[in-house]
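So, here come the structures, one by one.
Both complexes below contain subunit A, partnered by subunit B and then by subunit C.
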Partner chain A sequence: MTADDTIREVLADHGRLAVPVESLSDDTDLFGAGMTSHASVNVMLALEDAFDFEFSEKMLKKSTFETIASIRTAVDQMQAG
Partner chain B sequence: MSAAAPAGVRVGVDLVDVGDVADAVGWFGDRYVTRIYTDHEIACCRRPGGDGPDGPGATFAMESLAARFAAKEAVLKVLRPVDHQPPWRSIELHRMTGGWCEIRLSGQAAARAAEEGIDGFAVSLTHESALAAAVVVAWSAPNEEDEG
Partner chain C sequence: MTAAATVPSMMTPAGSVAARMAAVADQVAGPAADDVDVRGRFPSETVAALRAEGLLAALVPAPSGGGGATLAEVSDGLVALGRRCASSAMVVAMHHIQVACLVRHGTSPLLRDYLRELSDHQYLLASATTEVGTGGDVRSSICALEVTDGRFRVEKQAPVISYADDADAVLVTARRTPESPESDQVIVLCRPPDLELEQVGEWNALGFRGTCSTGFVLRASGDTGAVLAEPYADISTRTMLPVAHLLWSSVWLGIATDAVELARRFVQGEARRKPGTTPTASMRLAQTTVLHQQFIDMVHSSLARFEEADADDRLGSIGFAVGMNALKVSASTLVVDIVRECMLICGLAAYRLDSPYSLGRHLRDAMGASLMVNNDRIMANNAQMLLVHRGE
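The block that comes next holds the complex of A and B.
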């Protein structure tokens, strides 16, 4: 399973999206697609479980979780240490 | 001289599904609770178990956690962070002896409020079994140089 697959699975499970995750492009605004602020917290924690790291405080901002692409960038940065 | 925010009032409001909070507690447990809520908030929302607050079966008043999350989000709307979002734990709903709550900021949230020229907050929380909401009002004192 690729990182993108994992991110999409986490979004499907925890994102409270109003549309199927398969319909989202990498640049779709996830908050516009129905993700609430509270759901973004669940997404954050589920991503930490899936990738076995803890987001740094500087990444805990709305823009980190705004799109699949921005999440992927954050995951890449965390995995790069 | 730095450009202070103009004198005035700001309002923030947020609505949270209590079931979402219960799900988060079920999925992530203490990781969720301690990431979002301060020790004071956790103590206020804890429902005691068999042997006291932390005893077997201890859990949380989910609607109270949800109302506090809504208030934190409402404060963030008032603070209007430009890029970095202050940590949730830097915004505390402090329950007073009389039962009402006040907003207490620390760290980055307090710094952001100072940047925005905000002098004070008032908050009101409400919840039903399924939904919790909070309204936050923030105000700044008139800038003496702005007065006629």
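The block that comes next holds the complex of A and C.
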């Protein structure tokens, strides 16, 4: 499973989106698609569990979780160490 | 020396914003406070006096015609108002919270022009963030903006719009479009003649009776330039929530400060009657003064925390949000604790409604603090944020 697949699976399980995750492009605004700030916390926790890392404090901001692409960038950075 | 004698005259425009608000508090709000409370009426004389002094635009930058005051100055002024009439102070605090949102996020030409107009005419702003059916969650909306040909329309069932009948405009939250999810909100400035308010019910509450916080069906339309461009989620995080918690806490500090002042005068009166013996209540007064000092220092340090986070672009950080929520919970708890202790100090003199040491209004107003955005909801938000907070 690719990182993008994992991100999409986490969003489907925890994002509480108003639309199916398959309909999202990498640049769709997730908050515009119905993800609340509460849901974004759960997405964050599930991503940490799936990838087995802790996001750094500076990544814990709304813009990190705005799109699938921005989440992917953050995941790549964390995995690069 | 009384407090009134230590502040400059209302006629001294050179005085600081805080000193001029304090003068209105002593000369206008204080004398009207009981009538405002008993009748549950809008504190019109206080707002008129602030308007005459140009103080409703205190937070508007000077180039836009305002007072260019800092949040700390307005906070000091609200403490002074809160000491004399908490209803007046809460109305003025709610107004300044809306002004702060417009100043910091109202970037469209229409909203820039409106700020100048607000300064020229000293408009009073109200807020419609809660909605029937959302269970008190201000971060979701049912109503939505319908936009056609550059104009929006919105209809909102608002369980509370404080002092709506006396306000010159209302800032309203709504979903961005009829297709948007509940959490995708914007905030829009609604004003007459394109603003219609149909009152629902009455406001007959235990405290803050002068805020006239009745329900309304709000119908409004206007140019889409009146919609603040940023998502409400960001405006709430960066301005509305922290500024609200800072200014509400200032009002509550005012209530606590007056209660401590009455308790101190009461104990000093006892001491004068029996020189040589320490009044029984003096130890409790000393303990209560410790709580009061905590409260003062917490409000001041929280104001500094906001300024620092703003300068360092950390207003969106989890640590900052947790801290500002903690301020609200702590301040709303401390005000009740302090008033209750002061009631024990003054005894029946505070319990009576016809005594100069009466603390009935203080206690009733103080009890509202933990309910306006319920502390349990705020703690639930913090509990969730703490799951991912790194403590940095």
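Everything that follows uses one rule, which is that the second predicted complex is superposed on the first by the 81 of 81 C-alpha atoms of A that agree within 3 Å, B and C clash if a C-alpha of one lies under 4 Å from a C-alpha of the other, contacts with A are read in each partner's own complex, and residues count from 1 in each chain.
Here, contacts are C-beta pairs under 8 Å (C-beta built on N, C-alpha and C of every residue); 3 or more make two chains touch, one makes a residue touch a chain.
Predicted model, so just to flag it, every value in this text is computed and none were measured.
Visitor: Touching A:Ser56, do we find subunit B (first), subunit C (second), both, or neither?
Guide: Once the two structures are laid over each other on A, A:Ser56 reaches subunit C alone.
Visitor: Once the shared chain is lined up, is A:Ile68 touching subunit B (first), subunit C (second), both, or neither of them?
Guide: neither
Visitor: So, does A:Leu24 touch the first partner subunit B, the second partner subunit C, both, or neither?
Guide: Once the two structures are laid over each other on A, A:Leu24 reaches no partner at all.
Visitor: Does subunit B (first) or subunit C (second) touch A:Val43, or do both, or does neither?
Guide: neither
Visitor: Figure out whether A:Gly34 sits in contact with subunit B (first) or subunit C (second), or with both, or with neither.
Guide: second
Visitor: Name the residues of subunit A shared by its contacts with subunit B and its contacts with subunit C.
Guide: After superposing on chain A, subunit A residues 36-38, 41, 45, 57, 60-62 contact both subunit B and subunit C.
Visitor: Going by the contact rule at the top, pick out the subunit B residues touching subunit A in the complex.
Guide: For this pair, the touching residues of subunit B are 14, 16-17, 20-21, 23-24, 27-28, 31-32, 35-36, 69, 73, 81, 83-85, 87.
Visitor: State the interface residues of subunit A toward subunit B in the complex, per the touch definition above.
Guide: Going by the criterion above, the answer is residues 14, 16, 36-39, 41-42, 45-46, 48-49, 57-58, 60-63.
Visitor: Across the complex, what residues on subunit C touch subunit A?
Guide: By the definition above, subunit C touches subunit A via 139-140, 176, 180-184, 231, 233-234, 237, 316-319, 384-385, 387-390, 392.
Visitor: For subunit A, which residues count as touching subunit C in their complex?
Guide: Those residues of subunit A that touch subunit C are 17-18, 31-38, 41, 44-45, 54-57, 60-62.
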